[in-house]
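Both of the next two complexes hold chain A, though its partner changes from chain B to chain C.
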Partner chain A sequence: MEKAKISAYQLFTLLLLFELGSALVYTLANGAKQDAWMAVLMAMVGGFCLFFIHYRLYCYYPNLPPMEYMQMLLGPVLGKIIAFLFILYFMYVAATILRGFGEMLVISAYPATPIFFINALFILVIIYTVYKGIEVLSRTSEVLFFVVSLLAVSIFLLIILSGNINMDNLKPVFEEGVSPIIKTVFTDTLYFPFGQMIIFTMILPYVNERKKVKRTGLLAIGMSGFVLALITAMNISVLGIDRTTRSPFPFLTTIQMIELAGFLERLDVYFILLVTLTAFVKLSVFFYVTVLSVSHLFHVKHPSHLAYPLGMVVLFLSMAVASNWTEYNQEWFKVEYVYIDPLFQVILPIFLLIVAFFKNRKKAV
Partner chain B sequence: MNRKWFFLLLLTINAFLLSGCWSKRELTDLSIVSAYALDLNEEGQYVATVQIVNPGSVAGGLQGGGGQSLAPIIVYSVTGDNLSDMDARITKTLSRTPYYAHTNLIIISDELAKEKGLLPILDELERDSEFRTSTTTIIIAKDTKAQNLIRTLTDMEKLPSLQLNKTLETAEKNLGENVTRHVHDVVNDILSTGKEPVITGFTLNGDPEQGKKMESLQLAELEVFPQADGLAVFKNGKLINWIHGETARGTLWVRNEIKMTITSINWKKEKKAIAYKVMRQKTKVSATITNGIPKISISTRAEGDIAEVKVPINLTDVHVIENIEKELEKDIKNEIEKAVRHAQKDKSDIFGFGEVVHRTDPKVWKKIEKEWDNSTFAELEVDVKVDALIRRTGLRNNSLHTTLKKEGE
Partner chain C sequence: MLSFFKRKKNRVNQQQPKEYVFASQSSVLMDHSLSKNLEDIKRITGNSPDIVIRKVKIGHHATHEAAVLFVKGLVDSQTVNDLLIESIMKNSHLHKKLHLQDIVDVITNEVIPLGQVQSMRNQEEVVNSLMAGNTIILIEGINEALTAGTQGGEKRSIQEPTTHVSITGSKEGFTESNETNIAMVRRLIKSPDLWMESMTIGKRTKTDVSIMYLKGIAKDDIVHEVRTRLKKINVDGILDSGYIEQLIEDETITIFPTTEHTERPDMIAGNLLEGRIAIFVNGTPFVIIVPAIFVGFFQTVEDYSIRFDIANAFRFLRVIAFLISLIGPALYVAATTFHQEMIPSTLVFIVAAQRESVPFPAVVEALIMEITFEILREAGVRMPKAIGSTVSIVGALVIGQAAVQAGIVSPAMVIIVSITAIASFATPAYSMAISARLIRFVFIICAATFGFYGLLLALLMMIVHLCSLRSFGVPYMTPFAPFFPSHFKETFFRRPLWAMKERPQLIAGENVIRQGENQKPEPPAAREMIMKDKEKGDEHES
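This part shows the complex of A and B:
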């Protein structure tokens, strides 16, 4: 275990930017149509529940990272297998996020640049951050939180001032009842982005203010859920439901619609900045946890030594993960949300919690 | 030591990679397309015409003179079956890569809009990251080829695309019979089952062959000039009819797109005796549904001033003002009802009544959605309520006609 400490506020900024990263880019809760913003809020409540699961486990083992207590709970063999599966999962998700980021840049701004170069440059920065450790990453996120807030507030103001918002687009509410919203929450929005906070079980042991973890976590999830719901509602109210679902990056299209005073227009760079900064935090956290998990499982003394080789793996995995944009999207909707995410984000943590509950009860008796 | 060298190497590599000149394009290698026109030829193929800014001529104005000898635009045409193909093929005649990010006008010929409709061309405009669907205006060339509009030189603005755009904007702001439609508005309206688009038409007065010559601009009164003319009504993406004058304005009243306009009413046998300038208005459309049958109510609230009076009338009397308001309300109501009847005859829901019904009662909408345009909308009961308010009477209280009449008595 790395000897590092982060504060509750740093955890807050990390978690918030983590949740926003790459979720800003895509259409969230497509299945709920114009009620998508409600689906996001519902998924946020689901996110609270998931956080409580992680938090209970953390309360049982406040000093141990999951890779270690898994082995204590399930025995060395099964524990190691599960821990290894988790590492594969983290690495796979890190690669998909990297790929998604690269695809976004190529589609929206760099049509002639090969995606490999964009991904390589991005992963290089992230390798360097992870090499420096969690403290550096947390402090970076503190600074970025300020920048992202400033960007987000100004972009919201610009969207409102440009007069593009048409609330009628959000109506009718509950067109098909509540069932499609709930279905969307459990097949889609709960896992991305909220469920991905499973990764923070690895970060929680570093927090030096134990008592504040619960409050901070809930606050960060609540705030990110609120911001994402706001952005979703804004996209739909500006673009209408049809164009929101047909755009790969609806927020980009919403920002492109801004036209103020005849010269404030073509603010695409706002979107790219916002996405790059938040995606940087998200991918750094994912990659850091991957590196850390590997070092815990295989008892590598200096986790930072793993940053370069694993970074190369993530980079090449990101290139191999899909052969085109359509395939990439299909993988999310047909594989990740259906099989992988529920397993790693919901089922396994609940299973671990149940085992931990019984083991610790025995001890108490 | 080793580490230091490695770090230095990394920095050097970054210097090459981060300098941002991967797919750089120099200004001298670009031809900036300011407008794009689409026609249909006899074989049913598309003819695309691009209007390119002539850099030498437009910038020449700064140095004084020089600009007059060269045309401010260069126009090329190409024939093809889809837009991307034509964009590629046009480079056979261009020395510089066409750049579409500044294209702020797309002209479509009425022939093309009638026969093929807008649907086949909209996808490329949306998908291409260079085109800006939110700032590109779309207009229909009425009774002329779209390429004629694009190559006609104009006097006020050097760039014809700018002239057309600004003309449209001015007419929209002052007259209220035309409306600026960006590509994304049209896409939204076409896709909605409860709304159809209207797009402004432009005609060309005079001989198109003369319009492309620089000499034609040396006259005080141009012989060839474009003019905004009517609104094109669409159904299922195809142009089906044109509306003009009061019907067009009535349509825009319902769509809540009137910015400013002049309405004149008759007063005691004198035709168009009192002119009323609408300064601002708000129109709300709502639906009530009884037994599964929707009914639409339109409520308009207009605010404005008296702009002109041709009859002796006492404008200092509140009761007179109230009477004028009543007459105005009747007049505007008439206009709106006329527009609604016209659209119902065309069976094209250009007001978005269907969307209102959808928002009000999604379940009923689901049942009537399929037959909306052809039967439900055509037989829809529409109730119009107009509230016209006269706020001020301008720089004179009573008209000179009032004084004249008193002297005559």
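This part shows the complex of A and C:
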């Protein structure tokens, strides 16, 4: 464990920006059509349940990171294998986030720049951050929270003032009943972005105000769910369901539609700013936890020394995960959401919680 | 990132023998023989002609030989002549018949009418005292030396500060003398809680350094930390407070200043009241304030003497000016090379038409202009005042107008560079303004290679770096990160004076409460006053 402490407020900003990061970019809950915003809210409720699972585990072992209590719960051999699988999963998701971010920039703003350079620059900044440690990362997230809030409020105002919103696009509500919404939630939206908070199990032991963890976590998830639902609803109401589902980055298209006062137009840079800042926090957290888990599992004394080598691994992995944008998307929908995410985000934590419950009950008796 | 190298360097340093440059502390004592003592002092000081040795005969029938030693220029010659030499030679107490041993006591207690007189035996101490401007009295047959405090000499008088100018505030600025400076602060804060500690730093220069803080308001941990860091300093010479600043900062690999300095006593007093610690260094009018936080560099002392709404607006303006001075040219380069679609179409046509005849890409143009401007500024700072106007003529005419007419740079670029330059002067703290000047070049290059994305990443890196800094353990980015709502209201913004109940939390210790409740000025019940006046008036009339 790094000797560091973060406050509950810092946890809040980290978690909020983490949930928004890269979820702003994509179309969320496509399957639910114009009820997508409802699917997001429902997934948020699912997120609460997942958070409670993580929180219960945290209550059993408030000072231990998961990499260590896994070995206590499942025995050294099985525990180490599961921990190693988790590390691979974290690394894989970090790489896909990096790749998705790079693809987004190439498609939206830098068509002539090789994606490798975009990714390499981004990971360099993140390596620097992770090298500095969790305290610096959480302080940075506090500063960025200010910036992102200002940006978000102004962009909402601009969208509303531009008069592009057409509420009729959100109707009819429940066109095909509740089942497509629920189906979308459990195949898609629950895992991305809400389920990814599994990563925070590694960060909770650093929080110095233990009593506030539950409230802070719920607040952050609730707020991010609300903002994401708002953005989804806004996208659909501005673009209509047809264009929203076809567009790779509907929020960008929504922002591009703004035309105000004759000179406030082509505000793509707003989008790039928002996405880069939030993706920065998300990827930093993912990468930090990867580095930390590796150092726990292999007993490396200074986790920060791993930042460079693992950063290179994530960079090259991000180039190797998919050969192009289409393949990348297919991977998400065909592999990630179906097999990987449910396993690591839902099944394994529940399994661990059950084991922890029985072990601790025995102890109590 | 760089600590890999750092650690190696430390290891190399450890192998070197410690204090190999410094003279070792000698323990030679003074001798009984006057001539031997004088010879020794002459030898140690290399027979320097500015050391005056005045031999006198004192005592009953002038039987005892003695010598008075001082350094010309360092002592107040009037004190030495009138009070010291004259009293030794003429005082009636000394003309009685005395034992040799008693003479020293008589001189100390009855003869010399000066504040500081003490006797010393260690030869090195005596010489150091001589060099500090004291006068030494040696007497034949006594192995002790008397030193009398006669420091003086020419000093600059108190003048208006030149670096931190204020419009409505006090016009007093610090001088080079520590005593004067400390007295100026004491005159502002008359509390006995204003504590001071002194030490001598620098093996050769033996510079007097004092720390000052308000006991009970400053955090004891930070005071202790300042003390230990100052005591750790073991260098040849301290010639300026900047030397101390570089030797006590938390992080050396950074471009941002983590200590503040000022020439204004009122600013020091204000900072002391917030729980900060002042470090006075003899020989410089700049007094160091620690711990420093980022937003502190955008505050001026006047912010507190004008109304809070105006002060807040100015503060906000300064932050915007800092941002412009940081990323102004970089934004222009990024927008013209990568993101033309962002600029309104009419403006694009104007800029494009201007740039048509310019032979260089925007980044080269920006670098040329920025470097030229930096050269102009650097030349202007150190230039004799008589030819200062030449520079401004050359700068404005040749580089501004002629370069545009010759088609080497576009007029838009000249505008951008001038705005940036003016904006960089709006930062009150010079040390912060120069860091922005330097980082600007990095930003220009980032913007030229990757457009807004590069610029954004460079900014992110800067924010991460700022968040990683600490000044004497206090995070540099407070009150943003860590976020303290009450502190935020008092430092980034400024609340009205009557509402400023608390001191900054991370800097001041437990004693956070600054002032009493209900400080809001409330006008007297005006209507009643008027009514009373009327009643009185009526009485008079009747």
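Structural remarks
We take it that the second predicted complex is superposed on the first by the 365 of 365 C-alpha atoms of A that agree within 3 Å, B and C clash if a C-alpha of one lies under 4 Å from a C-alpha of the other, contacts with A are read in each partner's own complex, and residues count from 1 in each chain.
Everything that follows uses one rule, which is that a contact is a pair of C-beta atoms (placed from the backbone, for glycine too) under 8 Å apart; a residue touches a chain by one contact, two chains touch by 3 or more.
Bear in mind that the values here come from a model prediction, so they are computed numbers and not experimental data.
Judged by the touch definition given at the top, the superposed model places A:T113 against both chain B and chain C. Once the two structures are superposed, chain B and chain C can be ranked by residues of chain A touched, with C on top.
Once chain A of one complex is fitted onto chain A of the other, the partner contacts of A:Q256 are limited to chain B, with no touch recorded for chain C. Looking at the shared chain after the overlay, A:K171 reaches chain B, while chain C stays out of its contact range. Touch criterion met: A:L121 reaches chain B and chain C at once.
When both complexes are overlaid on chain A, the residue A:P342 reaches neither chain B nor chain C. Residue contacts after overlaying the shared chain place A:D242 against chain B, while chain C stays out of touching range. When the two structures are aligned on the shared chain, A:G31 is found in touch with neither chain B nor chain C.
Overlap of the chain B and chain C interfaces on chain A: residues 110, 113, 117, 121, 124, 266. Chain B meets chain A in the complex at residues 10, 17-18, 22-23, 129, 132, 134-135, 184, 187-188, 191-192, 355, 358-362. Per the touch definition, chain A reaches chain C in the complex via residues 7, 9-10, 105, 109-110, 113, 117-118, 121-122, 124-125, 127-129, 131-132, 136-144, 146, 263, 266, 268-269, 272-273, 276-277, 280. In the complex of the two chains, the chain C residues touching chain A come out as 1, 339, 341-342, 344, 450-454, 456-457, 460-461, 463-468, 475, 477, 480-483. Put simply, chain A touches chain B in their complex at residues 107-108, 110-113, 117, 121, 124, 168, 171-172, 175-176, 240, 242-243, 256-257, 259, 265-266.
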